[in-house]
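The same subunit A turns up in both complexes below, where it pairs with subunit B and then with subunit C.
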Partner chain A sequence: MTITGGIAEADAASATMEVEAYKRLYPLQFYERHLDSDVRPDGRPLTRARPTSVNLGSIATADGSALVKIGNTTMLAGVKLEVITPSTASPNQGQVAVDFQMPSICSPLVRPGRPAEAAWVVSEQLSNALVSSNFVNLQQLCIVPGKAAWIAYVDVYCLDADGSLLDAALLAAVAALTHLQLPAVKVTETGRVVPLKNHNGDAGQEVDSIAKKNEDQIVKSRQRLERSSMPIALTCVSHRKHLLADPSAEEESILQMSLTVIMDTSGRLISFYKPGGAVAATSATVKDCIELTKKRVAEVNSIFEEAYEEACGTEMMVE
Partner chain B sequence: MAKRRGEVAASYAVDANSGVGEAAFSRGPARLLTADGDRHDGRQLHECRLNFLKTGAVSSAAGSAYAEIGQTKVIVSVFGPRESHKAEAFSGIGRLNCNVQYASFATSVRGKANQGAEEKEFPVLLHKALEGAVMLHTFPKTTVDIFALILQSGGGDLPAVISCASMALADAGIAMYDLVSAVSTGYVGKEVLLDTTLEEEKCSDGEMMVTFMASRNEITQLKITGQWPDATMREALSVSLDACAKLANVMRECLKEELAGVDEDE
Partner chain C sequence: MKKENAERAIIEVVWRAKSGLSGSYEKDAEVVVRRSLEYIILTALHPNTAISVILQVINDDGSLLACAMNAACAALVDAGIPLNGLLSAVSCGVTHDGQVFLDPTKPEEQKCKAYVSFVFPSRRLSAVPELPADVDGEPVEYGILTSVTRGAMEVEEYFSCVENCRAAAAKVSEFSRSSIEQSLKGNRDGC
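Up next is the complex of A and B:
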């Protein structure tokens, strides 16, 4: 029985069957009947995203970290800093290296030792989006031009995979980078980079005193990265004339055509991704997606600002 | 990717550890205890760290749990019982398949734990600790997968994973004889330190890890490293068992609360 051939049969069956059984046997028809009355099985209107939360600084061993939840999809991003020698091509720039991991805890489909196919795709998209949006000012990561610079390893772990992975992963990566603080360091005469011990308010004083005592030592004080407009992604799936924002894993698997739009908070389009699929997107669909993304960017931005205020707001007042 | 992994951790990463390094050189109780005989985090010698336990952390898993014990944070998912891997030989009883992974930012130096023996040793120890507690005959010929991710390493990583895994198994509805709770204990000089932190682990003269089924009063695993005087070892064991029993109570309460919450929802 093919899916299309089964429509009549499915309609006939729906009269007598339990909802759960109908959903299992005719998933597409089950969804279509929901979509025709403009609602999704989880109760959301078609274009509404799932509840989103951002939590900064959840991991103490990382230099910057963020936990992001979009519905059930959970991402944990951590940033670790290391010192490298900058490349000769760009002696006054540091580097950002992004990696996306799907450990086997996140989904029954991922087994240990075999990375999920989705992980490669998301990893690539994620790193492209961060590079092309110029979210991080790489010159700020430089310590001594030509000699030493920071490399920020951004590792995003998927703790629970329930659709729209790129959206959550990108938000987690961006949030972790915003939470990141470059530590106060001094550079000794032999060219080694040494962190200044005191972690809190005292570091500032120490920086001053060292700078006075020893003029030829280079001292960098503790600082956050400059904040620029941040890239935010929205995945949509389209089925016939319906367009659904922020699909769950189930919706992604049943409704085939997905589109991911990445825009930044100043309204620039960063990336547009439609990975093949059986159905071609019309230009109207593309426009609708971009409109939805614009709204979503504003929504996510305000959620993020709230989280940032909560986590880092008090610190700023002290400074 | 290969370039990233291969790069040598430069001076910052090494120097960042110098605080821990100094402590490791000067062994003895002086480093780990304050003048009052308390520990640096304000605990008494025989006091456990604060913990936070929660089940149902991962929606797509059959059962899952998140545990925070002091600075140690772990998350465990359980899948199955499901079809065994094709390559496995036939088995009349069920199987446990364990995997433990460190997140790359879990340790003070990035990704260091991934290369160590711990990644290979932990799954084996986890398996052995739980094997005796799970009723394997209730899911013949199939496999239950237990996957753990250590999000932040703060000492006592493996005991945290074991306790968390037994809660995740309970959450998945896998039949067990009893919950398994675990704790690690160290000793320095003549003092026994219960539930050691990362720094204490590095400086201690000996380490003991006990995994215990409290209601049945049975030890499923006991791992002792270092040289232990007989009297100290007895003291450490009795303190550890007591701590395990208390942790088991907390775990049981947490599971009950979760169930009560489900009933209310319905």
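Up next is the complex of A and C:
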């Protein structure tokens, strides 16, 4: 793509050099010329998000995991479970601890030893989204009320930071939690929680009834968490009158205003995060962003359901 | 490892919690405050300098972010940093029955379904009245500079929060303007 059309092939090389130089020297004007034709330098229409893919179960040693790619932005999420004593304030609830990290591998701007500023922001907004949307019903993580419960450590790692980090991180965390399987366990008389090795769902129930008859132990079979409305994020940037969905890292750094809207599959607004910026958002912009997010939620939901089907076979999905 | 900029001032915000170490909440709040202040501070006037805003939480009884933003703006005025406007920050909550109420206290924040903090640009008093004061058909002070939400709500409830907070922000901006004028008058008389 060149900025001046109809160039003879002999000049193609030098024309390419000129474009690159123009892009380096005047990045904003380079983008503006594209935006005025309603397109981005990579040919993507303004309101279309980058190709998104979700891969469940990428980490065999984790209790639940997912690898998400939105364009080049790549996030890997893993869930590990541990048994804890529930707090006295909420004796029949487990806990979810979310951690987000941006190792130096993800971007040349991230130096080892000093966490990038974006890491704190995404980490905070990620926990906020999971707590605000009540995505995980903490009571399902309870094993024995008051005595034992699961804590799910959700670790999200950014492997490639190319814009819209919160979108990918949230999708990865949510996908990993959906893929999560609570292992089959039994609780001994002394109160220890012991894993049951050879039981799947059916055998677990059999053991359940036998156990209840004979030794009065508590047995929990292997199960997934009950599905609920998934929160999905969309980051938008705007420049003058143009609104772009799902910006890349380059676009985020050049264009004036960015905001992230998180909505869930039942249409609720989970978060509207606009951290200042050079420009205030008008009501029209707010409405447009919410509309774009609704479409994105439907899009990502169908991508996710396909990935879930593939990974988990023909398990019944609770809506 | 300070980030110096030869073309403009850099703004640094430090948010100190009342107790405990700085976690991701404090760091996120620093980013929100910093980016909101970037809207009003004329950074190009002071190249190669740093403007540090330090916020110490003395007591948190709800609406903390809004209070911090108003404080930061007032401190910048007191410091005499050239600004191209003021900010007015407000917050509101949404109860479980969908009622919107302004300025939640801490217990109210914990009990309600969701709460939102907004920062709006203050209404400008222009020396040149012919300049257009509207952006896209609505006044400048209606634009949402910053929005931070906690908890889930319906889209209509969010719009209702925006409406209510715009009205509240107008009152806050009037009050802060008159307070600043009072204190400046006091200083002059004291000299």
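The rule is short, and it goes like this: the second predicted complex is superposed on the first by the 282 of 319 C-alpha atoms of A that agree within 3 Å, B and C clash if a C-alpha of one lies under 4 Å from a C-alpha of the other, contacts with A are read in each partner's own complex, and residues count from 1 in each chain.
Note that a contact is a pair of C-beta atoms (placed from the backbone, for glycine too) under 8 Å apart; a residue touches a chain by one contact, two chains touch by 3 or more.
Not measured: the values here are computed from a predicted model.
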**Touched partner set for A:Leu76, first subunit B, second subunit C, both or neither** = first
**Message:** Just checking: does A:Ser65 make contact with subunit B only, subunit C only, both, or neither of them? Give me first, second, both or neither.
**Reply:** first
**Prompt:** Which of the two partners, first being subunit B and second being subunit C, lies in contact with A:Tyr273: first, second, both, or neither?
**Reply:** second
**Message:** Output check: A:Lys220 vs subunit B and subunit C. Expected answer is one of first, second, both, neither. What do you get?
**Reply:** neither
**Request:** Could you say whether A:Ala97 touches subunit B, subunit C, both of them, or neither, answering first, second, both or neither?
**Result:** first
**Prompt:** Touching A:Asp155, do we find subunit B (first), subunit C (second), both, or neither?
**Reply:** first
**Asked** Which residues would you name on subunit A as touching subunit B in one complex and subunit C in the other?
**Response** none
**Message:** With touch defined as at the start, can you tell me which subunit A residues reach subunit C in the complex?
**Reply:** 114, 117, 120-121, 123-125, 127-128, 132-134, 259, 263-264, 267-284, 286, 290
**Item:** Interface residues, subunit A side, partner subunit B - complex
**Value:** 59-62, 65, 72, 74, 76, 78-85, 97, 99, 101, 103-108, 111-112, 148, 151, 153, 155, 157, 159-162, 185, 192-195, 197, 249
**Message:** So in the complex, the part of subunit C that touches subunit A is made up of which residues?
**Reply:** 1, 24-25, 27-28, 31-39, 114, 116, 119-121, 135-136, 138, 140, 142-155, 157-159, 162
**Asked** Mind pulling up the subunit B residues that touch subunit A in the complex?
**Response** 1, 4, 7, 9-13, 15-16, 19, 57-62, 64, 71, 73, 75-77, 79, 82, 99, 101, 103-108, 110, 145, 147-149, 151-154
